[in-house]
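We call the chains A, B, C and D, going by the order they appear; numbering starts again at 1 in every chain.
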Amino acid sequence: MRYDFGSDNTAGMAPAALDALVRHSQGPARAYGGDEVTARAADLIRQRLDADAEVRFVFSGTAANAIVLSMLARPFEAVLAHHAAHICTDETGAPGFFGQGVGLLGLPGFSGKIEPETVQAWLDEPEVGHRQPPAALSLTQATEYGTVYTEEELRHLIEPARARGLRVHMDGARLANAAASGFDLRQIARLGVDALVFGGAKAGANCVEAIVLFDRTLATRLDNRLKQAGQTASKGQLLAAPMLGLLESDAWLTGAAHANRMAQKLARGIATRSPFVLAHPVEANAVFVRMPEVTHAALQAAGWACYRFDDGSVRFVCSWATDDATIDEILDVIEGLG
Amino acid sequence: MRYDFGSDNTAGMAPAALDALVRHSQGPARAYGGDEVTARAADLIRQRLDADAEVRFVFSGTAANAIVLSMLARPFEAVLAHHAAHICTDETGAPGFFGQGVGLLGLPGFSGKIEPETVQAWLDEPEVGHRQPPAALSLTQATEYGTVYTEEELRHLIEPARARGLRVHMDGARLANAAASGFDLRQIARLGVDALVFGGAKAGANCVEAIVLFDRTLATRLDNRLKQAGQTASKGQLLAAPMLGLLESDAWLTGAAHANRMAQKLARGIATRSPFVLAHPVEANAVFVRMPEVTHAALQAAGWACYRFDDGSVRFVCSWATDDATIDEILDVIEGLG
Amino acid sequence: MRYDFGSDNTAGMAPAALDALVRHSQGPARAYGGDEVTARAADLIRQRLDADAEVRFVFSGTAANAIVLSMLARPFEAVLAHHAAHICTDETGAPGFFGQGVGLLGLPGFSGKIEPETVQAWLDEPEVGHRQPPAALSLTQATEYGTVYTEEELRHLIEPARARGLRVHMDGARLANAAASGFDLRQIARLGVDALVFGGAKAGANCVEAIVLFDRTLATRLDNRLKQAGQTASKGQLLAAPMLGLLESDAWLTGAAHANRMAQKLARGIATRSPFVLAHPVEANAVFVRMPEVTHAALQAAGWACYRFDDGSVRFVCSWATDDATIDEILDVIEGLG
Amino acid sequence: MRYDFGSDNTAGMAPAALDALVRHSQGPARAYGGDEVTARAADLIRQRLDADAEVRFVFSGTAANAIVLSMLARPFEAVLAHHAAHICTDETGAPGFFGQGVGLLGLPGFSGKIEPETVQAWLDEPEVGHRQPPAALSLTQATEYGTVYTEEELRHLIEPARARGLRVHMDGARLANAAASGFDLRQIARLGVDALVFGGAKAGANCVEAIVLFDRTLATRLDNRLKQAGQTASKGQLLAAPMLGLLESDAWLTGAAHANRMAQKLARGIATRSPFVLAHPVEANAVFVRMPEVTHAALQAAGWACYRFDDGSVRFVCSWATDDATIDEILDVIEGLG
């Protein structure tokens, strides 16, 4: 089976990430995140976001999102999120586990984007003791369906939510792809996001994501919280080094830009060489295609792993590692099945 | 500050671990642990333990221990463990977090070892509804104080516990050091341990530990459990590769044997060249020394990080990376302070 | 404001319940449920269900349901339930709190009843690690919309679920109303329900519900579980006495039969004397009426508390305490608004 | 078996409590605590404490304590309490369950009282990420060993704790007995207690305790919190009525004063008529006696339930219901065994 387009997790480590890991792989270094590599990687993230923030590195996006949400909403409260958000559909209920039953309210919206009217409807709902009222808004940038919120769109979601006292979480597992697509990272703090998960794995690192807390009051005893949650790296420099490598070299962004270009190429190829229709605008690194089950099955039978999503379309994901030849290869296959 | 003896987590990656990571760092590979590297590393662990078992790789020992304990004891039950065990003193209450309030009953015992009489006393305690009765026994091999249980000692702890229906967990963060000290790994399954945490980080990997379930009935929906707990690596081959490298090359064991020898050398040096007394038998890779606070402070002031433990002694840990010269160096310093 | 039809929780204690409480209100009695009153009430429940079972009395239906579900599904699993079930909409996420994040999958279905096809669709869904697979089926009898499952309907839901290894929970907050409507209580155990919440409060007791475990293997250390969950009555006889009174006198059933008759009368009156349409069949003690918001507001303004439900209809609930005169009174008001 | 001295939970309902329950037992009343009875009972508690506070009634002291502690300390933090406190020894780990793993640090101290030096030692402990630092101090008034803190003693415990940012919880399961012993209830708020559990059950109610939050910022969405935790009474007036009856009639205090006098009489009797020694000062309603196991066994064999505590002494508890004749009766038995 070929996993090239199955996920952006199927790629390995980008050269800049691997080089940094090798370079910083030897000790002795202070354990548990007190090392220099960790400190420098955190600095570079703050710099890229142009904001002061508490930064910690953890092992998985699932944990990062769930831990952050447990800071923003209590067990008897809920989080507003798109119903197709990763936290709703792909993390096995982790927010409820880390958040002791915190609720998720899945909102509709085209192509993975929440709409202001839907949020407003929830904000207008009278509070009652027997339900979990929303305490936080979770936004995914780039979205699960490969689209990218504009600054304007984010503002219209965040402002009314904050006005009603909600906290704001951004799942940035594919933040690099959003940035490469033109989203200005400096707006995240300015728009009023309280906590960001800054993605590493899909950008070419191994398993590392950064928790970024713009509201530092959330960070009291953060190290205790992460340790208890099993998300403290004893060998902190090894966790942070690939992220440092990606940021120092700018491969974090250039790799994502490459992935986005490959997705554009794939999308154009499908549009011009096959009868299949794109399900969503291609603004980041994923291409969603409406194809009959028989075609999907034939693709898989031909050895190409790719998955059908809840909206009925089939997803193809590109990464920093995708090359032109592989795009051509799968386009030939798809054309043949058309 | 020099962190050479502060912890075995201050060392970086052993060459065999790093080589394997580099070798297996490129994709595309099946995501979420469905890859070949993960499968082979699991096979090598089963082989080394000479037992059938379900094996999964996770990011931290804290998570591994806490998740395993949540399988063995329910929230209204408790776990018997040495009061100095890592789960009791160094994991920020993670068993209670993952186990929704599961209790820890800290038992006394010389040099980190639980004694059969103490366990028996708890087993003889009548059960009442308003307390958390013990449902599991947790053993650390090698112990937190650098000693190693003999097979005989383990049998006298495990047999009565199992006879009363308790499950058995082994924290093997330093299992390699126990093995290098002569402990026969094949006895773990035979003695009736239900679940083992097989250590990687302290043995020279980056942050990776294996959960080994000898009782496969514990493993139903294990992948869902780990995903929810934030312990599933999207890029599974990158998590397992360093462990694979250590096991294929046998550096897992030879590195630990080296660490143990360095600890012996350090212990002998302290015994012969200083007035300070060893607090515990040196059977693995740690040396505990009774020294006045002024000496400890002077050592730290001289730039050597080392920590005072709950028993009042100061710990020095060796690893696969410790070399003779550094031992000589610190012995000179200690002699000077004597 | 008049709360007569706002809920069946607005009634006080039925005479039989109050009498028994007064009669058994004096000690000394063995604390924590070890008393005679508790034992006899449990016996009468087993007798009425014609089944062996472990029985415990707790303070609230929310707790009873959530605790039972935490026995049937683990945090990384989910419970299938009607989307309008009390556990989904009216218990502030209690199943997730007691069940450490256990998922709720809300199924559609007319008038509060789940349909076999919907359950089957979930049973046919392939399991994946990143979602919470269903481990239990929760059924409400009578349903949240005042309908009552037939034995045949229950069989077609329970059998395929059990065949796939799911456990079955029945929320019987209004079980008395279902029984009074003709549902044979002896079928509950025979159909394969694992755990039942046997309602007391809505049947005329004060706040007491019974947890009934037909599968006694679920009951190990149940007293520890309940104590930890804050659901153990120190003065057990005072908790159980009202339930005992209702069961000994049969007021549990006759009160519910009265409530059902009052609901029939109210429904007939609305159908014949007003332009408003009933939203659901009236098979138990609740009447759901489609009425414009202006009418609902006028009713409330006239002093009658009644609530609009998620299906858009307005609910009127009768209880053991509802009398003919009050039915006539509200019918006059509704007719006037028609 | 006679349970007269087994616990103050073995008594039934005091007449004033029962009368009020009967009086307020009929509806219709607004459900879920929105009724008049609940409002008046809360007023009387605020009045007695001479303080503004948010007040809610719940079913059990275990739940009340655990829920309050979950407001004062987060999962990765700990609560300082006497090691013999009810929350540490008699609530099956409920604080960890409701508090998602929150830690309990059991402090020593004569006769159930914590000492300032011990608290100070914990406050001076440097914080580290791998342990749960104390975030709250829990005090029991009267204590588990039947003693009563003076205002001065409380001040010396609370002031340094608050100065370091800790929150303060008071478990007042036997607060009436402390008040009857001379403790001024108006000092609770003034001394800086954040949250109090105001006991009802042991004072003659059925199962009801009040959560009293002097710091109202703790109370946001409190009704959601309680509902999710299974501690909201659907028939609120039935839960609050016994407490209302006790407070209106002052039987809350006079009953406790009677219980205290009975304990004094029992203590004097034991001191003068038996060879057995009192283990603790008798300042509230419990008498702790050092007696050999053979005597304890003989007492039980003679039909008197009484329990040996962790300090090795045997406890006899008096209540509002204890009468002179029963004291004389058991004294005769004890004298006979002496």
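Everything that follows uses one rule, which is that a contact is a pair of C-beta atoms (placed from the backbone, for glycine too) under 8 Å apart; a residue touches a chain by one contact, two chains touch by 3 or more.
Quick caveat, the model's predicted, so the values are computed rather than measured.
J.: Strictly by the touch rule at the top, which chains does chain A share as contacts with chain B?
T.: Shared contacts of chain A and chain B: C, D.
J.: Using C-alpha centroids, which chain lies at the maximum separation from chain C?
T.: Relative to chain C, the chain with the farthest C-alpha centre is B.
J.: In terms of residue numbering, is the interface formed by chain C and chain D classified as same (over half shared) or different (under half shared)?
T.: same
J.: Distance from the CA centroid of chain B to that of chain C, rounded to the nearest Å?
T.: 49
J.: Report the inter-chain centroid distance for chain C and chain D in whole angstrom, where each centroid is the mean of the CA atoms.
T.: 33
J.: Counting only Cα atoms for the centres, state how far chain A is from chain C in Å.
T.: Inter-chain centre distance comes to 42 Å.
J.: Identify all positions of chain A at which a residue touches two or more other chains, and write them in rising order.
T.: 32, 75-76, 91-94, 97-98, 100-101, 129-132, 224, 227-228, 232
J.: So in the complex, which bits of chain D are touching chain B?
T.: 75-76, 78, 89-103, 129-132
J.: Which positions of chain C touch chain B when the two form their complex?
T.: Touching chain B from chain C are residues 32, 74-77, 100-101, 127, 129-133, 221, 223-228, 232.
J.: Report the residues of chain C in contact with chain D in the complex, numbered from low to high.
T.: 1-4, 6-7, 9-13, 18, 21-22, 24-32, 58-64, 66-67, 91-94, 97-98, 201-202, 206-207, 224, 227-235, 237-239, 305, 321
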